[in-house]
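In what follows, structures are represented as structure tokens.
Here come two complexes built around chain A, the first alongside chain B, the second alongside chain C.
And then the complex of A and B:
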């Protein structure tokens, strides 16, 4: 009997630990929460329009760094994006346009003044050697359309109490990843961390979203860090300036703007 | 041989080839098929129909655009490129290279106006005089001379002003034009010929007026004119572009003056003017997970607007006016391990099908960029893998399927610093000695390019 308190304590600890993920809600209630959270996160991550400038710093596994600067535009709730690099000199003017949530991608090379349409396999290519793919940067509402969400419970992440949502890819929709686990703040649904998994359920990449500021009513992560666990590289994207009140001119997301 | 010598050493006003391009030292650069001279896109000299015309046009551009450039807070950028090459040809080994400074300047007085220009400074070293006959099977040992001299140059390559209106973009001046979807060949490109060793190298500017009119969605009209005194003889090309689902397409029509040189007449320097009318199109999209593209051009030839051909015999006349087709098919894919593979097949109906039927003029056509290829059927393969941090390994292979010759060229590229790339490119040719590529042995190119 002298071990009873210890067993009770252990049992309580295990129960509490488990409850952090396995929540007591009924499955239909869990699904409802998951859908609501994903919808709210998508709303935050895909504002109607956005115009920003930022930097992208890539650190390779050997510790070498490269920093790029870019102007970025998105419209129609992230369904269309245009990104143009302004620095360094070697890639100045290079730009890419994504339409239909990155199902269609065009790149522009200023040296040859040529626009090239990329096939969909290019969606999974790294943008300028970074740890972000074209699909990561132009995904739009893919969380809602290409995944089935599941609420895993509440958990503290990056010092914030978060909804924890698992997203399982719908195979017929050609999801960018087979599985994603996402943490979104309970206070305002702002995502703070995302883990990406491969077919073997291996956590290949992790995205941390920090320095979240309220910009024109929208919680905005001013710093995003993507870590590639396989290649041991990381890419930090920092937003220097952003506005959601920008209205794209007619036909802005077109080949014409790529070549500007 | 005097007239032939003159062809490549003097951009004579009477010697004009292909879509408003003069025969120049640049276009005599045998880089199109000569493996160790990689950068065919280098501009050695302006492609105007004569020097007077060139000087007058450039002067107008400078007088008009330079003040705007200066007073509109210009931005300066560009790159420095240094290249050293060695190649084995027959029993000889040659070493040569160049240093190039490209200085770009751009100014945007307001959101609707862009003024751009670039000047290329090029200095050559090592072997700078080449005998074209050394690259033509059957002519190497005859003692004949058709020299190309690569002289140091300063070239105003591009100088243009782009005006952006709500309904259209208008670009006036010398500008780079790169139509078509093919990587190594572009049947619908009447302005450029690419080097198979580096198809993505920049092209020389073309004097033109260009209007791009966006329409609904992904549809647009794009028109280019390089006007001369007679509208019928001006270079004109128009594209109707569009996109449906995951496919982009373009339809094009072009009319321009083309030049053929009936060598068989023995009067080499009397180029015959022909009106070339191109109808074609391209499509690019995706099929079975591969990026796919196709580009097609049907070319009709007409002598009528230039009157009769005094040097043409009954035998030659049909040769000069027979329509021909060119087309290219390509595909590419990036695999999950980041390996990128691209392949193209090119057919040129104007090319020669059998090596026994090749004449000197066919080689000159190909060297000059008059034709997109010497013979009819070619393949091109490019493989690239980003193997290490900022180091990629790649290889190009291209083959002439008609004479069974080709070149394989492995390359290591290192992004040594943020703005500096270094590369080592080797090349090894195969085929018999009387074939397009087989008469060349091997080559090695070291290149450093630093952007600023």
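And then the complex of A and C:
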């Protein structure tokens, strides 16, 4: 799944006023741009299949940094994912399988050789001490189905000229966040920054996507940093190797693969 | 007019010497008696503006809630040793105690010693304090207290953890909950092991294991169980400064006594009261050391400079009497000094001695020139009195400018120092000439007796090399000023890089146990002792504040009465689940174990081990260090094969004692199961918990005497001293919950803000006031500006030098900035005064004569402030360094820049100078 699907859930609220952006376009034109950008971002973030190796650095409850290395796979536009930890030795072989856009989550413990199912509500919880939730990591077209996009104008972000899109959660669709503000490069629609907001319009988390490289025609952020402003913690995910030209074998996203 | 007054004073000193001495003695006795009114407060909140809401609220909390003035005993060692120590200390500390080194009657200083949870209350009402979700989750455990059933139900509950809401261990609170559960299981398994080894049941320890399983650890232990906290509720509050010192010393004495019987235990005192006591004792000690050292150093310097044995005696006597007069008057105006205002005596030593130096210097010069006594006294006062009075006035005005600030730290320091300076100036004009006359007459008598000439031998007392240096700069004004400009630009950029140290712990004395133990508490208990307080007027309001505060990003946890007193609605909602648990437990049958049960018991123990291993993996991945480490201790490290875990030992015992294992386990079951059942049934008491039914020990912790106010303690989620932004965030966020928030982080944030603002305002006003005074004194815009110019450059050099030498600004030494404006101006004033008297291009005479006095006064001021370097309280030491840099820089800029001006003005406008 790599990190792309988490882009899908970029839902956020924002304190920024639309008027703060230079946006002389007519409302219908603005909506058209917003829909177009969100569609393009979704396409970038949900490739058909993907296989990658990456690292994840978290801050533990006693303030230490801990880095994990993992192999990650996603299929069916991120609807299915499998992540297997390879380092450190203490958790080598521990794996997580998500199906149905993280509605179903299983985990495998190599030490006890047991597979356990996590509850569907767990997708709203943080993934292994990181500042990403299972839902952030899930795939699909959440942006398009659970949010109403609004084009706020053009703005420079991380040194790139970007579309600024506000996504307002559609209550009936149970969006992961009430609001998201996303900045996507005008040159290739690659998202470079995402702010997540809670129901009080408080910017709870921010995601920065940097070192964007063109991998097999898809702009790919090789480094992502999620900052949780409430917990005052940050998680850095770095991609060491990635390919989109990988075809999952039959029944790859299954309990059997989980145990391998 | 000023000259007339000086002549009158000189005449009085010469002609009415005895009368003057009697008057001086009388004033000294009266003011000396007044100084007994003076006292010291160690509270940082007392530096905030008078009537500031945080000070008022903090004082109210100290007055209303005795729990806010706590003495914390931090005990370290092995679990069993520290528990035994606490059990031993608790009753002894409640008895009347004596203060070491004092003959006072023994007195009760501690009302209550809290080091265990409210076990009795929890046993009665335990389930009413548990949330509905948790009750729902845990009810399955209470279906069967039998060994096999309990193990199975524990495992089911463990596995359910993953699928139930609100059961993740992602937050600190939930991590703590997981630890309590793990510790309980571990104790119960260890009890099972002990029974298997000894083949007999120990009722007391079995019941304790059940209590731990149901209610958690009773002692206030750290996460690693190597430290224990005992909270002593004193019979006095922080407001009673003297009791604070005596009480802490008395408790420390009994602690030391008990420690002798527990050689494997270390213990010390921390918390608000011991910290306040240390601050008071060490800052007072620091001031005493500084005063003594500065007197000795200044006396020695004066002796070297004047080569007259009586010069330092006269100067110091004048100073001491001046300080007594000043302290007496200050005691009326500001009877309670805070940590900052307590410094005024050191400042007075540093600045007050200067007045004597100038007068003695000129008087000696005149005597060595052959002037008669009365003429020498007159000329001494006339030549130096102007500079002294203007200097004293400008410095006093600079200090008075501090009064425009809101903070008491600055405004009171400004007031008391200004009063002190003016009083010492008066003693210098009244007492010093009298002392000089007495000394001269005695010397004359001795000379006549010895048949030696009365007249002082003509001697040049000037400092020629300084005069030469002045001439050098005077001859090369542009070269000198260009050099000064280059250095100043460099210093300016250096000053720009100086940083601010917000860590107030760096102000405290190094190695203080009360401070070091704060770090121990932070490390071992993950608990900051720098918390904020919120006060509510009802339990409901307290609950509401708690719920709001808990959601704040910078808040780790909130401790308030609602933990023990859920709302009526919450209690109502819990009752059905509690009843269900009671029904389950009442109807549960404790079935004797049979041989065939051994296999299932063994497999359930294995399942329990696997569940803990899986929890361990998730905790490791989730960065939950405390849970992960505890799991390591219970099931072994994830990276190595376990060799000696409770599970491996149980398997071995079950294997080696296979033939009688079931009998022993039956005994174990008989030993705990019934107690487990009755304990659970007792805990299912659904009698509503009300304020009236809460035990006194809980009420005292959270409520005031009238039970009309309720205290919440808000703990920050990080170290407030290591990250200034975090301290600001914490203070702001807590402030957003209630405008009556207070406590150390909130107060310090306010103090930083207010002192920063006051400092800027005071500095600006000082510059304006000083300029106006100089304008009146010199009646010339140019001379007033010229006298101030070295000060402006000196101030830049001061900060630049501090940065270059690796110093930071802090809450205490930042006061040096406005102070130096008042202190540093004197150098320029004296040199310009003398320059105007001596005429154009007079650098040689001005610097060799007045320059010598300026050098001496700068050195004495530096010695006085430098003596604070040896103060154990590091706040004073930091101020000392800043002022040494400041005074040194102002001296250098004065003796370099002003001769260059003399060169320029002398060349261009000789008439103006005349």
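Just so we're on the same page, the second predicted complex is superposed on the first by the 233 of 260 C-alpha atoms of A that agree within 3 Å, B and C clash if a C-alpha of one lies under 4 Å from a C-alpha of the other, contacts with A are read in each partner's own complex, and residues count from 1 in each chain.
Keep this in mind: contacts are C-beta pairs under 8 Å (C-beta built on N, C-alpha and C of every residue); 3 or more make two chains touch, one makes a residue touch a chain.
The shown structure was predicted, so the numbers you read here are calculated from the model rather than taken from an experiment.
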| item | value |
| --- | --- |
| Chain B versus chain C as contact partner of A:111, first or second or both or neither | both |
| Which of chain B and chain C A:230 touches, first, second, both or neither | second |
| Which superposed partner A:66 touches (first chain B, second chain C, both, neither) | both |
| First, second, both or neither for A:172, with chain B first and chain C second | neither |
| First, second, both or neither for A:254, with chain B first and chain C second | first |
| Which superposed partner A:89 touches (first chain B, second chain C, both, neither) | both |
| Contact residues of chain A, present in both the chain B and the chain C interface | 60-62, 64, 66, 88-90, 109, 111-112, 114, 116-119, 121-122, 125-126, 129 |
| Residue ranges of chain A touching chain C (in the complex, touch as defined) | 58-62, 64, 66, 68, 85, 88-91, 94, 107, 109, 111-112, 114, 116-119, 121-122, 125-126, 128-129, 229-232 |
| Chain A-facing residues of chain B, complex | 77, 79, 169, 175-178, 181, 200-203, 212, 214, 218, 220, 241, 243, 246, 248, 284-286, 289-292, 332-334, 336, 338, 386, 389-390, 418-421, 451-452 |
| Complex interface listing, chain A residues touching chain B | 60-62, 64, 66-67, 88-90, 92, 103-104, 109, 111-114, 116-122, 124-126, 129, 251, 254-256 |
| Of chain C, residues touching chain A in the complex | 159, 162-165, 168, 170, 172, 175, 526, 553-554, 610, 613-614, 617-618, 620-626, 637-639, 717-718, 726 |
